[in-house]
Every structure is written in C-alpha cells, then in structure tokens.
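Note that subunit A is present in both complexes that follow, paired respectively with subunit B and with subunit C.
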Partner chain A sequence: MSRRPYNRPMSKTTWYMRNSRYKVYVLRELTSFLVAFYSFLTIAALAALASDSAEVWNGFLASQQSTGMVIFHGLALLYFLFYQTFPWFKLAPKAMPIQLGEKKLPDIFIIFGHYVAWVVASAIIFWLAGVI
Partner chain B sequence: MAIAKKSVIWLLFAAGGTLTAFVFPALIVLFLLVATGNVPEGLQFEQFHAFAASWLGKACLFIVLFLSLWHAAHRLRVVAHDFGIRKDALVASAVYTVAAIGSVLTAFYLIGIA
Partner chain C sequence: MDTRQIELEILRYDPEKDDEPYFQTYSVPCLEDWVILDAINYVKDNLDTTLAYRWSCHMMVCGSCGMMVNGEPSLTCKTFVRNLPDKVRIEPLENFPIERDLVVVLDDVMQKLHQVQPYIIRKDDPPEGKEHIQSRGALAKFKQLTMCINCMCCYAACPQYGLDKNFIGPAALALAHRYNRDSRDQGKSDRLDILADHDGVWACSFVGACSEVCPKDVDPAAALQQMKIDGAMEFWKQKLGMPGDKS
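Right, the complex of A and B next:
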C-alpha cells in the first residue's frame, strides 16, 4: 500500500491570486466574456436589420447611444487590446513557427507581420463602414 | 473519437481567437462611434442593409460571428473550471448550446436580409 500522497492545500476559486503569471492568464481568459457580449450585441443588430425597417434599425442605433455605453466600449477596447489582441500576436510564433531550411524565422518577423495584418484588416473594416 | 472531437473544438477556439484578435478592436470602435452618436455612413440603414444582403457581406458576418461564438464558448468553459466550477459536462453543454443558438440565430437573420 502506498502512503497517502501530500496534497498542497489550494483554493479552487482563488488559486490564480498567488502568482502574477496566473493572474494574467485569468485576465486573458476573461476576454471571452467580451467576445460573447459583442457577438450577441452584433446578433441583436442583425435582428434589427432583418426587420427590413429603417425605423427599427435607427431605434436599435438610438438604444446604443449613452454615456455609459461610451465608457463601457472605451474600457472594453483597452482591455481587449491588452489581454486578447496583443497577447495573441505575441503567442503566434510559438503556435505557428515558420521553418526556413535549418533555421526558424525569428519571432519578431512573425509578430510584426501580425501587427501589419491587423492594421490592414482594421483599415478594411473601417473603409467598409465608411469611417475612413 | 474523443481526440477527434477535441481537435474540432480546439480548431474552432484557435481560429476564433485569431479572428477576434484581428477584428474585434475595430468592431468595438464601431460600437463606440455609434454610442457617441457619430454613426458611420456604412452603418446607416441603406448601406449596411445592402452589405448584409450581399453574399460576401453575409459570409463575412457569419464567419466572424460563428467563430467568435465558439471561441468564447470554449474559453468560458475553461473560465468556469478556473473559478472552481467542477461540473464540466454540464458547463460544456450549456456554453456550446448557447454558441449553437447564436450561430443558428445569425444564419436565420442573415437569410432574412435580402
């Protein structure tokens, strides 16, 4: 019979508070709430659009206009950039290393490529939306 | 079978994560502009309706929403575990059901825009 193994006491709900790396990990995972929120907000917009009525659509747009929502979107944007977009780009060379013969393409090129692609993708979206 | 299922979920998570990283900052900025009352021209009824009515527009909107929903579902499942909820089967069916409902609603509304 083996001895009872030692189990280090660990909280199931606050374990990530003991280490800053764990905290950052949990903060990254929490961006999924924003993804879910904006996905369903966009679906709500599509529902208004599917009514085929400019009045319903303008009603939806008007319902989104408030100081609270301006602050919320502003904070959400910063949080999303620093805990989803930038970490995802930083991780890219580890997830998809590019082999060139014997050598690997340096991480910085892959990361930089992602930033360039991000600027281009954002520009296309803003162009489609008529912002630029 | 378990491995095959996991790889599909992982693929949706990774593809959705990449897509949200690229697209969501711009999407949030658009909602921010709407919230301030400066509705961009492309989001006026006529223009946005025409975009969503086109096949390219429908495809873009569906792919973005579909992958984002499944990315969020998978990550929320992990979040539940991280915050001490150990009923994984229940959590998994809940989050994936919501993602499936969102996907169906997206398709339903997009088909309705003609």
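Right, the complex of A and C next:
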C-alpha cells in the first residue's frame, strides 16, 4: 500500500470564476482601481490649485463637468456604494464587535453608527465646500 | 416510506490504480429525512464497498465528514438531500491533496493547528489548590470560537489558502484568537510572531467565504479581522512606548 496523494491545484488565473462568492469578492477588490483613479484626480486638482492660475483651475473644473465625466462619476459612485460602502458597513460588526457584559451589542447599532458617521462626515464636507 | 431516486456523482481516486480522479455515478433511493452522508453510506453498504470516506458521529460533532457537495464545502451529516437537486456531485474537500476517493490529506492543517499553540499558556501557576475563575462575560468573549470541530470546510472555501499553502488559514487563526481572548491565558505574546507574520492574519483578504460555509457558525472571518485590529493596536502601542502584550 503506497501513498500517492493527488493534487488539484487552484488555477492562479481563473480561480475567481469558481463561484459567485469569489466573483463578488473580486468585484469589491476591483474598486481599488477607482480609489487609485480618485487619488490621481485629487493630485491633479491640487496641482491645478497650486498653479495659482484661475484659468488652469477653471479648466480642471470644466473637465470634470463634461457629460462623459459626469456619467463616469455617477457610475463610480454607484459602484462604490454597492461594492464598498454597503458591504463594508455590513461587515463592520464582525471586525469591531462591542460586548456589553455577557451580551454583544446588536450588529444593527454598529452598522447604523457607520451610516450616521458617514452622513455627518459628508455634511461637513458639503458645508466646507459651500454646498449647504 | 417514500423514496426519491438521486444520482450521486462521486469523485473516485485509487492511488494504486488511477493516474487521476474520475467521477462514478450511483443511483441512490433516498428517504425524506436523509442527509448526504446517509446516501454515501447507502452506496458503501449496498452498491460499492470500495468507496473510501471519513465519518464518525453523524451529528455535527466529530467534524470528519466535510466534503464538497455540488461545489460547496459542506458537512455531509448536516446537508439534507431534500434541499438538493436530483443530481448531486460529491468531491473531496478542495485545496487538499486527495489521499483516496473522498479522503483528503490533512497533515498540513494539523501542523498549522499545532503551530498556533492552541492551549492555555500560563506564565505563573494558579494559587495552590485553586482554579482560575472566569466570569460569564469573559467566557462570552470567545465561546463562539470554541465551537470549531476542525471539519476544515473553511480551508476548502478559502481562495487564499488555495493559492498559497503557507497561509495559516481560517480555523487555525480563529483557534489562536480563541486562546488570545481567554482571560486565563497569558500566551498572547508567544503567538504574536506567527500571527503577525507574512503568512498570518495579514495574508487574509477578507473574502469571507470561510464564515459562510462554517457549519458551526464559528465565523473565522470575523476572528481574523479582530486579530488584525488587535495586531495594529499592538503595533501602535509599541510605537508609542505604551505597555503592550509583547513585552
């Protein structure tokens, strides 16, 4: 009787096609490209601002207001909401459980707390930007 | 009693004869209350005595009968036939070498479980003739993690472990977290190096599949994220010169 275990290695290139769980995960992780894009956009905005030229700054603002860019920002927002914000807020109670005596604080409080913090942070940014 | 005929496609592999595994189909008359393990036992008892698989308790305690059922890591004693289609594919747990038929080689995870020092480590002895007192609140901090039966469904679900066998993996890391959270334990610093290592908690990218397939609701994914937070806190404590676990 000899041992001859058979290996079924996971494909390095197509593993995420195995089930819907992996696909959703990869879609979530792909939002990192958008994060990178917005990082570059912020740098571009700062560069336009640092140029000390109203023309350059207004040019940057105008570039973001074209129909194509508005559609892109809208789609990016939806993608972020559905593959970053909502899933991560839902997972937050797992990473940060709060225990009160023998009982755990119900997840809904932690999730709701995140949404409240999000709204407050957004309101501060809108206020600073002079929108509200 | 009424029976329902289902086709069981079982992956077979005989290391002494086969170059690679193949599927063999069995037609099994299943009763309404049968789980997949019953159907496999029927095959073994009535159709094919050569089929090799592990099982023992048939009641979600021993953790031996984990297999892939229609691609999903499942404890076969908990997976009811009535919830499945007429054709069911049974394979050995993914991400493990196949020893024979549905039996996988578990040497790697056994070594990993051992590696995280899953026992209470004390730096001092309890007072003579006394036991360590633990409050219910302190127990509640880790009780869920003690439910693990080492069925290894989480390893079969984890793409990180599938792609990189050096990753310590969900069950072993959750087990380490169980002891780190135990108020009687003083071994957190002993476990820190291995947990904070490249192949420890930081190799987890939070796919979350381990927790979704766990038949005992242990939630290893949550444990791993908590360990990341603990590890980060420890890092900053050291940076800021505050007393930490690793002193």
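As a working rule, the second predicted complex is superposed on the first by the 125 of 132 C-alpha atoms of A that agree within 3 Å, B and C clash if a C-alpha of one lies under 4 Å from a C-alpha of the other, contacts with A are read in each partner's own complex, and residues count from 1 in each chain.
Everything below uses one rule, namely that a residue touches a chain if its C-beta (ideal position, glycine included) is under 8 Å from a C-beta of that chain, and two chains touch if they have at least 3 such contacts.
Model, not experiment: these values are computed from the prediction.
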Which superposed partner A:Ser2 touches (first subunit B, second subunit C, both, neither): second
Subunit C versus subunit B, contacts on subunit A by residue: B
Subunit B versus subunit C as contact partner of A:Lys12, first or second or both or neither: both
First, second, both or neither for A:Glu29, with subunit B first and subunit C second: both
Touched partner set for A:Gly101, first subunit B, second subunit C, both or neither: second
Touching partner for A:Phe80 - first (subunit B), second (subunit C), both, neither: first
Residues of subunit A contacting subunit B in one complex and subunit C in the other: 12, 16, 29, 95
Residues of subunit B defined as touching subunit A within the complex: 14, 16-18, 20-37, 39-43, 45-49, 51-52, 61, 65, 68-69, 71-73, 75-76, 78-79, 82-84, 86, 98, 102, 105-106, 109-110, 112-113
Residue ranges of subunit A touching subunit B (in the complex, touch as defined): 11-13, 16, 26, 29-36, 38-43, 46-47, 49-50, 52, 54, 57-58, 61, 64-66, 69-70, 72-74, 76-77, 80-81, 84-85, 88-89, 95, 117-118, 121-122, 125-126, 128-131
Subunit C-touching residues of subunit A, taken from the complex the two chains share: 1-8, 10, 12, 15-16, 18-19, 21-22, 25, 29, 91, 94-97, 99, 101-104
Subunit A partner contacts - residues on subunit C that touch it in the complex: 13, 15-16, 20-21, 71-72, 94-95, 97-99, 105, 136-137, 140-141, 157, 159, 162-163, 205-209, 211-212, 219, 221-222, 225-226, 228-229
